[in-house]
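The structure follows.
For clarity, chains are labelled A, B, C, D and E in written order, and residue numbers in each chain start from 1.
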């Protein structure tokens, strides 16, 4: 129990620290929303004074002249209460919650599923490779995936696009999350289209992410297999499958689990490139956009969200370790 | 071609001033869809508030219409839209619009002069809506209606602002905007289901795509011909370009590298046209605090050293034509172009020897080379390419150019506050060169170093030039041409900025099914889909070939 | 001995492939008999191959170790040639293994009860539901600990739990690898006494490995002294202790002080154990032997009968001063 | 970006039982390590002496030619860019910057990891809590956006900025591992032995503790370098680097923006990516092999059949 | 074991004071952080005295606090309370780096585990050379090397010139353990704290080290605190024997006296458990499980009372203190009696 309380304490503290950084880092960026807006205005070929721009932005709830401490406390309050405001960047005026709400399912669906799949598959393959050390699977897959894990994500994506999605009649679509003109909903064509549009981006994530998991799991597995309790299980005449998963696999898996949670921070980062290359409308590209257009409210909300996502995953993984590893339960 | 009447002239007959191109009323059957590929770099927020600069590109022209359309490509020729006619007072400080009758809002309510008055007064009440600073900057003092006449009164001659208030302001329905959320917060109102007078209405909007359908009760009889418009949200050029090449999208506003190979060769139906509208220039910091660039000889040397044709050919793949030192964009504004003055000054062709000589007089030599840095925006790859060429051209005359790629934000900040030696930059144009030149050279658009300048980033301050700009507002068309030639004389003489290429409208169109596109022969509007309200002109002219069968 | 031994090890050789020029021969042509109900102690220095011998008997070696020659006959069946499947059926039911360190030999993430259940489920043997509780009680652990995890038990309890597990099917042979080495003298004593009692009560045979001569002296019936992978002395425990025939055994017996009796200066055995990849020629003990003579480095000794025991020392070779004869053929 | 680059999850305690001289021998005896080392060596040569690899004819990687978008030919082995620059020359000259980013960022991140991780473990108490917290905060912060913000903040995506950003965002993963390993070392008798001998704390941390962590530190460096290579390429590809610099990521950026792939110039579009991948592979292989070298349990086994 | 120059004591400041003495030495550890902190009493009120040239053995159950005492004496831990006096001077008053170095030079420690007490990244001579550098800074580099060779040979490792350049993994356990001793010798120590120095070693090597200790005491005048589980080895080398149980010293006295006539029931139990091949098998089955005690937040009373066969009411309320029960023989037991051993172990 104390373990959980401590984890929760860590959660709150880290969240606070991250949120504080999230507040100050964007404000340290050069330029300001006014500049960004001004840049957009000047396209109309008119002369707008900076003061006037400020009135426009003030309309959207941005007041740069306010005391920074006051801004900070209001920010914390807003973040916690979910009043995330409206975008002051390229989606000027759109409620941040709507923007995120539109993009989130796609990011979760694509990147989330692909990442989890990579982890699960990688762990499984790693388990088998480690178990049959020197066998066929072990001889082929880990070396192959050392190579793929070192490939730049976007490059693989470009390669795939040029193989599968170029030409007048491409095999797979290269952009968007579903065919234009389909109405989203639980109907066959829509779901089919979503799946079809997901193959390339998800496949790319899978290929570049799975290697790490295979390798670490394999190595953990090999190390675990040398443990006495595995030998003991053999001595007990326990069937191989049970030894592989129940004895060796489970123990080898535990250190991977927290590694997985920790790596999620990197995963969220990775989505930017995925969405950029595949024109996939998710959070990643939104993040990028919000950054380059100094869109504080959107940026803050996205930062909060991704920090929260990683933290929750860390917490969930802690919890899973807690369930899977009786030692963690009593360590306190 | 219709009448190329300058803005100042009153014109009352809508059909006489619209361009030809097989236009007319109701001569095509309805049907067909056009898909636009224009990178917005974001997903659609599904807002259609025409006063919101972030989204007015998808609202104006499609749903909302101006009083009068001004064609930049035809030196400001006007086409009556919601106003069937207008007339200036002799001193040009007051204008009367005759509001078109028989126009209906897309919700069936009738459109009237009240709506026009309401729209302008809303902008007064809510300064945030007044994107073009009509009430504060242009000196608008009152907007009143009398029957179908609406009068706008100004403090001073206001003809230069006609482009803004007649062409760029979309008229909104009073009955919608005076109630509910819209009235409470008109600036931030999302307006998800816009009601306008335009040829299209929003059928559905997702973050991925906006679908427009034809407005059944559109006031121009028989129009629009197209049934639907799809506007997908592209985040990046590559997918959009791919879709254009494959014909999946038919109307592009895209920079496409190697366009002949990548796009045109893919299909005989793929066409492009890049009409120039403004300048891309090396802006030199004229402020004395910047030693080298405030030195006229240095600026002249750069101007002489540049081979603009090569910059155009290699840096811009020939898409953007070479600019000239007068700052007048050709051929768009040919009649304001003073070719003789240019030739007389020797700026008509590169002259590296002269450049070297000038540098020597300024005290630089091969042993004491001039080191300059130029700021540019990260992501504008054609600029990067152009600057690579510029750098290569300046090297032999003894200028070592270093290129600083900055994020838009930092670039802006440096540009606005004058914290740079040279900046690669472009501004938008207008129906005559006046608009661009005024932004670039008018002293009121400048500011001391450290303060943000509005648009005169070079900090060029010359009372004589200011005076010329001031005269322009109330001058007659011929005098206006003369004034602009005089101003471009100062461009040649003082070289405050050095135009390199002419920025163009990126425009691709596919004629497999859709016809009626603006072309070089029939430039009835700026053709790229990101131009507002020009996009509305194009949309009312397009028709589907397959629907004619 | 009247009956046929339940375990007959013949000429067993185990090598570790270290990747070096020569393999480490950790068990070198070992012969060993264990009769039903017998307590056989195996002693020897650290690294002399005791554990390897045990694992070879139980067929639990894993790469890089491999049996390169020899048979292990258990109840008449040759385990070396047996398939994994048949072995699995035999394991635990007929012979079980207690490992050196109980902490590592129990799966840390499952409860003691689950580990009992795994063993039960792996065999067709009908087992009473309360059998785990029963065997736990036998070794003096409250059955409540079936629900405990290994880390919740003390070292002594874990060792006992291991022994209880080994008794699950009442096997005929239990192989124990230093089961008490991690314990306190008092705890060690009480556990040993318990093992001995259980053995007398249930009648299983024990092969017990340790390097603690004094410990084994009290409990074992037969004693095997190993040195550098070879059996150097073999015989009834009392006989070996009373009249050690091999100089190494003598050295061992002289090497530890006593808490009773007169205080005598002791010498120990100088030098250190040989590298098993490059063992000394001739008698392997010759570099450290106080009684070394010219032949020792040249002739490799066999096991010779010396009174009641057998010893691998040239001093007892047939030609040597003491009358002795090779026993290789004498065994049946 | 693959995050899972850094080493095994369970640092082997046996790791340190290795003499220094044995390392090279071990690498020579490990096929993966050999391959990785050879690749890395090749890149080091390319970075150090690019001119040797570029035939005299078209040696200047930046020179703007008049033949843009050429297909590979005898004159231009990998074709030309949209500005008529020789792709092969660019590829070769880009090695330096990419390698510098990898090595410097890898070293920097490793240095931070070691300092922070080891100090946290050794100092314990509040210092440990504070440092661990710092590590965790950096771990949960979304890296890439942070990088973008930092890169934007720094104004210009030049080399130093990218390297600093990569270091700032790349150290936390390693620091956690360092801390774990140092914690396991903390009460090892040889450290206490040094303390009893009368050594100072700083001496113990630096001289006694760090050398025993060599293998983890090396693994960490390789992982961080791989991360740096990939992330830097991603950043530059997104246009957050300096587009005028010569590096593989920048080449990709240009290739992407000038439509190399869609214009049928795969050599231009793919070769820099392949170079990044190969450098990455060399780090990954070395890392993987290093695991095997430092943890004997992982070494490949020759299967031998008894009888 | 040749050539150890005879050690001359540079006359201590207080000649009458024992070499080292502890008074009410106590060390507690916090276990379980956060909401419910508990105190583990590893060492409680321990008084130990070691004289010059004396070998004192400290035996007792695992976890009874033996190593903690050694670490307290070596200055690895600071006492929770109580004081250590070295040659009459309180160790806590030695604040300056010079004083501390001097103390560390006089009182080195040999660690239990030869596998973890040498830094695997360095040659085995590293620790010795560092010690020489710290404690005999006047030596030149070559002198240090010579001195290192000398101490390595002094512990019976030959040839030193070869061995000292090896890495720890190239040495056997016994050799490493000797290196540990050599490192201690390089200090020119007055007292060596040897924490179970032989527990990891094979019997065949073990006795050599015990002999080495005796030799060092004889030739170099070094005192030892010899910590062990193994009573028999304590008997072999030690002058005096201390028995520890659960953080307390429960019995102390001349080795032979304690062994022949154990006063404390725990000592009795311990002695009964020692296997001895030279004695006939005595199957006195104790119902005792031999679980090591954890002393967390103890209440007053004898800590052995739960296992004690002789427990009386008083044991539950009063913590027994050491009482003199014979010639230098003390025990902390309420029921122990001064004269002849009252719990005769031998029938």
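FYI, a residue touches a chain if its C-beta (ideal position, glycine included) is under 8 Å from a C-beta of that chain, and two chains touch if they have at least 3 such contacts.
Which protein is which chain? UniProt says A, D = Peptide/nickel transport system permease protein; C, E = Peptide/nickel transport system ATP-binding protein.
Please read all numbers here as calculations on a predicted model, not as lab measurements.
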Looking at the contacts, which chains touch chain A and chain B alike?
-> D
What shortest step count links chain B and chain C in the network of chain contacts?
-> 2
Comparing A-D with B-D, the busier interface by C-beta pairs is A-D
Give, as an integer number of Å, the spacing between the C-alpha centres of chain E and chain B.
-> 91
Distance-wise, how many Å sit between the C-alpha centres of chain A and chain D, to the nearest whole number?
-> 22
Could you give the separation in Å between the centres of chain A and chain C, each centre being the mean of its C-alpha atoms?
-> 55
Hey, how far is the Cα centre of chain C from the one of chain E, in Å?
-> 33
Residue numbers in chain E touching 2 or more other chains?
-> none
What are the residues of chain B that contact at least two other chains?
-> 238, 242, 407, 409-410
Spell out, as numbers or ranges, the residues of chain A touching 2 or more other chains.
-> 29-30, 133-134, 166, 226, 276, 292
Hey, which residues of chain E end up touching chain C in the complex?
-> 61-62, 172-175, 202-208, 210-211, 229-233, 235-236, 259, 269-279, 281, 283, 285-286, 288-292
In their shared complex, at which residues does chain C touch chain A?
-> 55, 58, 60, 62-63, 87-93, 96-97, 99-101, 104-111, 118-119, 122-123, 149, 151-152, 165
What does chain C use to touch chain E in their complex?
-> 45-46, 140, 154, 156-157, 183-191, 193, 197, 211-215, 217-218, 241, 251-253, 255-261, 263, 265-270, 272-273
Touching residues on chain E, where the partner in the complex is chain D | 71, 74-76, 100-101, 104-105, 108-109, 111-113, 116-122, 127, 130-131, 134-135, 167-169, 180, 183, 187
Can you name the residues of chain D that touch chain E in the complex?
-> 16-19, 188-190, 192-199, 208, 211-212, 214
